[in-house]
Amino acid sequence: MLAVQPSHYGYFGPVGTFTHQALLTLPPLRDEPTPYPTVGLALQAVRDGDVAAALVPIENSVEGGVTATLDNLTYGEPLRIVGEVVLPVQFTLFARNGTLLHDVHRVLTHPHAAAQCRDWLAANLPDAIITEGGSTAAAAAEVADPRSRFDAAICADIAGELNKLTPLATRIADNPDAVTRFVLVSRAGAVGPSTGADKTTMVLFMRDNHPGALLEILEQFASRGVNLCRIESRPTKRSLGDYCFSVDAEGHIDDARLAEAMMGLHRVCKDVIFLGSYPRADLTEPIIPHGTSNDDYAAAATWLQRLRG
Amino acid sequence: MLAVQPSHYGYFGPVGTFTHQALLTLPPLRDEPTPYPTVGLALQAVRDGDVAAALVPIENSVEGGVTATLDNLTYGEPLRIVGEVVLPVQFTLFARNGTLLHDVHRVLTHPHAAAQCRDWLAANLPDAIITEGGSTAAAAAEVADPRSRFDAAICADIAGELNKLTPLATRIADNPDAVTRFVLVSRAGAVGPSTGADKTTMVLFMRDNHPGALLEILEQFASRGVNLCRIESRPTKRSLGDYCFSVDAEGHIDDARLAEAMMGLHRVCKDVIFLGSYPRADLTEPIIPHGTSNDDYAAAATWLQRLRG
Amino acid sequence: MLAVQPSHYGYFGPVGTFTHQALLTLPPLRDEPTPYPTVGLALQAVRDGDVAAALVPIENSVEGGVTATLDNLTYGEPLRIVGEVVLPVQFTLFARNGTLLHDVHRVLTHPHAAAQCRDWLAANLPDAIITEGGSTAAAAAEVADPRSRFDAAICADIAGELNKLTPLATRIADNPDAVTRFVLVSRAGAVGPSTGADKTTMVLFMRDNHPGALLEILEQFASRGVNLCRIESRPTKRSLGDYCFSVDAEGHIDDARLAEAMMGLHRVCKDVIFLGSYPRADLTEPIIPHGTSNDDYAAAATWLQRLRG
Amino acid sequence: MLAVQPSHYGYFGPVGTFTHQALLTLPPLRDEPTPYPTVGLALQAVRDGDVAAALVPIENSVEGGVTATLDNLTYGEPLRIVGEVVLPVQFTLFARNGTLLHDVHRVLTHPHAAAQCRDWLAANLPDAIITEGGSTAAAAAEVADPRSRFDAAICADIAGELNKLTPLATRIADNPDAVTRFVLVSRAGAVGPSTGADKTTMVLFMRDNHPGALLEILEQFASRGVNLCRIESRPTKRSLGDYCFSVDAEGHIDDARLAEAMMGLHRVCKDVIFLGSYPRADLTEPIIPHGTSNDDYAAAATWLQRLRG
């Protein structure tokens, strides 16, 4: 253990990214958060005890799973997800103070951002030249320089604000519903208490890749009344066609139905990696099917004990 | 409780029936067994404490389930199956000492026995007159009377022997593989220890009769690796199409996989009536699917406990 | 084929039984129906072409399946169920004209009827002597004789009416909801048209008795959205623990979802015995799950054909 | 339709990539293949009729699915997969003629290649400076220039050969089993004939995202005896937690079991996108479970037809 517990977060940076913005929704720690240039380095900082926890993206409603995060959590030294943040992917057009929309002739941004705002740009800045650079955060910093040849940047709000830029147009992404989900990851340790609206993340390796193996796994959940919110196959890196499954299940490891499902998976799978039980960002309480509440499980255990005499 | 524990068995009589013969395969109690004229009366004698236990037929490989037994165990005051006997249904042609096969012109037996020996009779006693009476045991008693107008009886060996008759032809049933299964029933109490080759009997009432309800029940067994040896639907006596299911599962209530299946059924069913865990007559040990041994269950529980921290 | 088509029904008699009463609910044929003393003889009369069709009981809401009928249809020469009748099991106390209820001291009936009216008799005729004879129909005939020493008979309405007796008390069965289901059986031939509220009866023999075999069978129905109204295991008469399943499924063999399920069963079962598609007595139309209507099946076939190019 | 059918392939370039190398395993067309800078542009060239077909990567045994390919095939104008190539990801260290391994001080390659050869470089060129550039193909071209300050490139064999470089060390990837799977994509049209060792790719959109929806889909395959080789969830881009599933199933759309499964999916899914049936690269014939061969399906159809009369 560390002599001194670190008192700051790490995150997948740089400063001014969406991950940074997502981090601001968390209860702040004493010290300033530290950005890391890759997901791997942010998670390694947790393992090394350099930060109390790190925030990294895990899933995007348009792009899908973030494989760097999924694979690092699966194959790296054990860590624990302790929370999640879901953030709308909202792009804003920022400029230096005094610039008006019709003054914008040259826009700097990242290729992803350019792609996701294509329709808005075509409709509102049809004649502007769009230049794609290395990050939206860097674009904002460049535009903040009065000597810049760029008039505006497309970036996250935080990048504009950090660079004291003025928003010219907000919510300009073509898909207004796009969101990214981030997870807060700490060292493996005790699991936080159940809140009644929790999610549990795990990775399942099948004993063999026989037909019906995935069906068998899903039935372990279904027969206990546990719903899944996410399932994603990932290669095991052994051979083509050999997959493991990253899964988010509704409920907390302290819920009897999820506990029994997990023990069932432990028995039928080659390996089950528990990545944490944590409060859901959307605070949605699970629908608990008839007969699967903690009370139902306790009553069944009492009944069995009585039968055994 | 009784001041004095009864020291004899009851059985579905009369003396000389197959149930009586099956009873002789059990370890004897101090006193002579008592025959009862119906299954219901034999089981009531157990409830009333008149006998230590009663042996009654529950299933025949040709006729199917014995509904009097199934329904009494389901709807009557709780009892407990503590053992089973499987007996080949072997009929023998018995006559008075001195009678030879070609002397047999008149045969007395019960209609079921006559039906099950029809081919043998046609081949071996084509000209004999077959008379059907009330029971094979009574037929033997009648033939034992030197003044009887009948030359021979078709009955169980025990009836012939009790009446000091001589076997003229054995194993004369047309279906040589027919067997009857009997269960030994005692008052509800502590369950006997697991022997490694056990069977558990229970009755399952579904919460509602929705399509797929039976599938749901079977999945409770399958997802824990528990095999069924018998499943029989019985009407719940409420309305046509409303069934309960009498089930024999491999294993003992002390086996983790069966215990979890039973708790699962307790949660999803309207009612589960446990009728006992007891040694199998055939001493066959169950095939335990990968991941479902007691050790696997214990390892899973330990793993979960460790995760919870 | 017969030179002359028979123009009357057979039924499980004698005259005056519930089966006879059930027969009267059917559209009459030209000639009087013929009673047969056993289910087997009634069905054999169909096979022999002696009757156009026979009505036999198949299931009782209290007693369960009628094994004589189930086994004869399964193992005998193929027949076809073409209709069903569901009849409340209503007992009536009949006496000779002029007898009043308080005159009744001696009652004659069949043991089943006595058992099913026990509470009513205890409450209304506490001092009467109840004698159990061979059939309720015979009891009515006996009471009809002015010289009879019996004052009343418990029997079906039809038996009272045929014997010109007077009802003293109706609906005296302790379980007012008990019903018996009868099936009308003809020789195998073309199936009648779908009515939209049909039932299909079949018997399923599993290829081997492996664990999960029943689950596999049920999934053939479930995956096509076919609900079951009845499932009953019957011994195959080979060895203990070897069962076949008698099943009633909602729908008609001309319904695409049932046809596909049946073809699936034909592929996975050792044998499938089709016993007929016929209108339901309760006229209840099935709930057709999303995507399983005939139109849905036709659209899927068209889609596939188009894909194949 | 085009006046002139194009007589060359397109592929995800540039020249000298693994996709290019995979393309060389296909039967050549008359004209030289055309590289495209993105998967999207390569597939668009197919749609536009500029190329006869395009080869693009779809899956890597280490990195997982290629989302650009998966999403373009799912959401773009319909295309058809007509073949696949599986290629080991083998990196080679190439240098100009005359350079020996101990002369290598500066290596140029792409970041992915550097990462996948890290252990080999540490063991064999511990003191070399590794520079990461835009593509392995470009690295080979740079090293081919005698004035280059780089001594060697890590790239695919094809890039080394095209640039007339000399291999210094082959198979230097740390994971020797890594493979990439490519698909050959043409315009939608008639499906090629079954070869007995085929694969079918499709994308499944669930009607609603209810718990158990994935289980329901998998059962459509399982109940017909169809095995899956790959299943991958992808966001539908509507909301977080709304997925579609990209699936490779064993067999050909002309196989009865797969055809019935696909029709079943068409009925229960919101949408099924058929992406093609094509010969498997590994030539592995599927295990056909009992009762699911084309003959079994044909026999079941004949049986049903006969029953219907």
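Order of writing sets the chain letters: A, B, C and D. Residues in each chain are counted from 1.
As a convention for this text, a contact is a pair of C-beta atoms (placed from the backbone, for glycine too) under 8 Å apart; a residue touches a chain by one contact, two chains touch by 3 or more.
The structure displayed is predicted, hence computed values, not measured ones.
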Ask   = Shared touching chains for chain B and chain C?
value = none
Message = Report the inter-centroid distance (CA atoms only) between chain A and chain C in whole Å.
response = 61
Query = Which positions in chain A touch two or more other chains at once?
reply = 219, 222
Query = Okay, what are all the chain pairs that touch?
reply = A-B, A-D, B-C, C-D
Query = Given the complex with chain C, which residues does chain D contribute to the contact?
reply = 189-191, 207, 219-220, 222-224, 253-254, 259-260, 262-264, 266-268, 274, 290-292, 296-297, 299-301, 303-304, 307-309
Ask   = In the complex formed with chain D, which residues of chain A make contact?
value = 59-64, 67, 86, 175, 177-179, 181, 211-212, 214-215, 218-219, 222, 227-235, 237-243
